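The structure is given below, and queries will be raised subsequently.
When the chains are written out, they are named A, B, C and D in that same order, and each has its own residue count from 1.
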Amino acid sequence: MKPNYSNLKKDFIAALKIISHEGLSDAFAHLSARVDDGNKMVFMPRKSPALVKAKELFVVDFEKLVPQSAVHQAIYRAREDVGSVIHFHSPAVILLSVVGHTVQPMHNYSAIFHEGVPVFEGTGQVESPERAADIARLLGPAKAVILRGHGAVVVGRSIREACILALYMEESARLQVEAMKLGTPKFVSRHEAERIAKRTFKPTSTERAWEHFKAKCNA
Amino acid sequence: MKPNYSNLKKDFIAALKIISHEGLSDAFAHLSARVDDGNKMVFMPRKSPALVKAKELFVVDFEKLVPQSAVHQAIYRAREDVGSVIHFHSPAVILLSVVGHTVQPMHNYSAIFHEGVPVFEGTGQVESPERAADIARLLGPAKAVILRGHGAVVVGRSIREACILALYMEESARLQVEAMKLGTPKFVSRHEAERIAKRTFKPTSTERAWEHFKAKCNA
Amino acid sequence: MKPNYSNLKKDFIAALKIISHEGLSDAFAHLSARVDDGNKMVFMPRKSPALVKAKELFVVDFEKLVPQSAVHQAIYRAREDVGSVIHFHSPAVILLSVVGHTVQPMHNYSAIFHEGVPVFEGTGQVESPERAADIARLLGPAKAVILRGHGAVVVGRSIREACILALYMEESARLQVEAMKLGTPKFVSRHEAERIAKRTFKPTSTERAWEHFKAKCNA
Amino acid sequence: MKPNYSNLKKDFIAALKIISHEGLSDAFAHLSARVDDGNKMVFMPRKSPALVKAKELFVVDFEKLVPQSAVHQAIYRAREDVGSVIHFHSPAVILLSVVGHTVQPMHNYSAIFHEGVPVFEGTGQVESPERAADIARLLGPAKAVILRGHGAVVVGRSIREACILALYMEESARLQVEAMKLGTPKFVSRHEAERIAKRTFKPTSTERAWEHFKAKCNA
């Protein structure tokens, strides 16, 4: 008998609604979550994240390419700790990428990305498994990678964590572009960022933020 | 027996609602769609696009001027491939125009405008068939033309395409003004933009975006 | 038998809702409309414009000071053509005023203010009938005056016109501050602005805009 | 028999809803109000302010540390005049803090902070009672203190006052960052600010603003 992943699918749909509601997604974001023995993922059909229904989700093997799946599969293969991958086109992240910058720690949320956020310079769509593998390699041990002129890929241990990190990422990018307009932002060191992140990025904080943003969608 | 264009009129009203909902339109946008043997268009009365009803739409011959119709008719005459024309006053497009710039390719959506977006320097309303013909000439084979201090005219093969291109246009303008504030944006070449557009601007993508934005209006 | 001004009161409440809905008003805007033989005005109690009800409106003689009334009365005395006065604290107008600028014609709506928009340099509240008279004198024959670090006063021939002009004023200020961030805006001459305004600012346009913004409040 | 603080709890929940609705709070703001003989406070559980219910509020002694309570208790001990403390992470306040600035008087609302707004340079969470005491000391006799890269702490004589001051603080920060982008803002002197504040910051104004923002949440 197959598992039906009913709780996971609820989180999946909630995460799609949250990123849509918070302005991170146009019609083209996509999300996945690792399942089974770790060699498969729950994935979504080729439609707007705001419109996907739980019954439309499906399980796909890492060896089988389906539309939009390449970057998800490449990252799960490269990173055992990753349980969920999200790709989205958010305004401030795209903006940072087209002026040659990336998110750097300067406040409590940007400090969470203390490993750094690499930028993939290739333009256009992900296009091929080879390019997807390049992106996964560039991601390395970080929480996110930016695709120049395109968007971001963010990873988490769970759907909830990937979703909340995506929100922190866009908020951090927004703060940084505004700070750059005003002069030289006071960035914090990588070491200091790591210290801040230990207090700010905890499972209980992720849960608190998740409940907050989920409630906003239904308000 | 005359056709009643019922599906076309549904798209027409939906497009007006989308541009209103997405902040592209004040009370003065107008839309048209070519019909019949190609020498007539479905047009709207002189009122806010958010308030127009399907039963108020009417068919007008290209030879007959009615309020607001001149620029639509001039473009249909000049461009056989155009099935729909939209004129609107959106904030970032107007902003670019009053500082002497136009939309240039720098990300996946602005790349769709790889033919360039000419700027009509005459100020004020379109005013006359002669000025409308000038605007159509300036448009040339492009997807859009900007009217300085006034707004934009965007064309598509269908109402859906014209509507989605209008959204991409405003988003591209918004990204560009923000990038200009931060320094020298990393534009992509016309050739690279054309390559990106081949993957990003496909009928299936337009449909996906259309369903996304239509659903947002009803949420 | 006294007139009850029922249509005027409907427009009064609608105008308050519109400026609240469009982000022009915090809790402290106030509006008036000239009535009777021209020596009285309909006025509102000292509460948030979003919360005022038709039955709370009252008629006050120009000679009798009530809270917030001084600047309204001073303008009606100085300008026979004015039928309605609105005072509000909108973000972009305040912003322009604290950096030493005012609205200048650069697009179809800012051109409507071709007479210029003077800035009153005194800070704080209007405070006294004497200061109100100074503000009315500074307004002169213009459509609006800006109070530095405080807000604006806009006048119209009717409530509808004053309301729509207030919206154009804030939109013009917003466009101008954005243009100033990007470099030197391409302003148009006073003469050209007057020509544009003749086509853009007509009673039929005001009606079209009024219906548009009124419908948005109820959507 | 214990008091149940039912009116105070209504204001508490309303204030949390207001700061959420006005964009001042993510999932992590917290509020308190002094009660009893002045050595206890009503406090909230560790969850999103938008989701807290009246029945979840509790009274805590100043000597007893509970999650998030340290900065509240330190301020009540240091400032007898303070009846309510609010801590929040709002965008413009955080932005000012990471570019090395603080709120300065330049318009009617920023003038209310004429005592100055000190900036606490330590990064990360409040973390300990010692750090909380440092923050209370830095606050001194002012209405607010900014925590660099983190947010703000605002105090008032009542919940309503603290809530409205928090809104004025974020609005003032937003105006100031925009003014800084445009050049040298025209600040007003401390003396002039104090004069303006006497007219702008009165109990009746606070009540008017409170009713305005409370109604917006329910609209």
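Here are some notes:
Quick note on the criterion: a residue touches a chain if its C-beta (ideal position, glycine included) is under 8 Å from a C-beta of that chain, and two chains touch if they have at least 3 such contacts.
Owing to the predicted nature of the structure, the values given are computational and were not obtained by experimental measurement.
Summarising the inter-chain layout, the chain whose CA centre lies farthest from the centre of chain D is B. Under half of the residue numbers at the chain C-chain D interface are used by both copies of the sequence.
Separation between the centroids of chain C and chain D, computed from CA atoms only, is 32 Å.
Taking the mean of the C-alpha atoms as each chain's centre, chain A and chain C sit 46 Å apart.
Annotation for chain D: residues touching 2 or more other chains are 181. Touching pairs of chains, sorted by label, consist of A-B, A-D, B-C, C-D.
Only residues 26-28, 46-48, 50-51, 89, 91, 94-95, 97-101, 123-125, 127, 148-150, 177, 180-181 of chain C touch chain D when the two sit together in their complex. Of all the residues in chain B, the ones that touch chain A in their complex are 106-108, 111, 174-175, 178-179, 181-186, 188, 192, 195-196, 199-200, 204-205, 208-209, 211-213, 215-216, 219.
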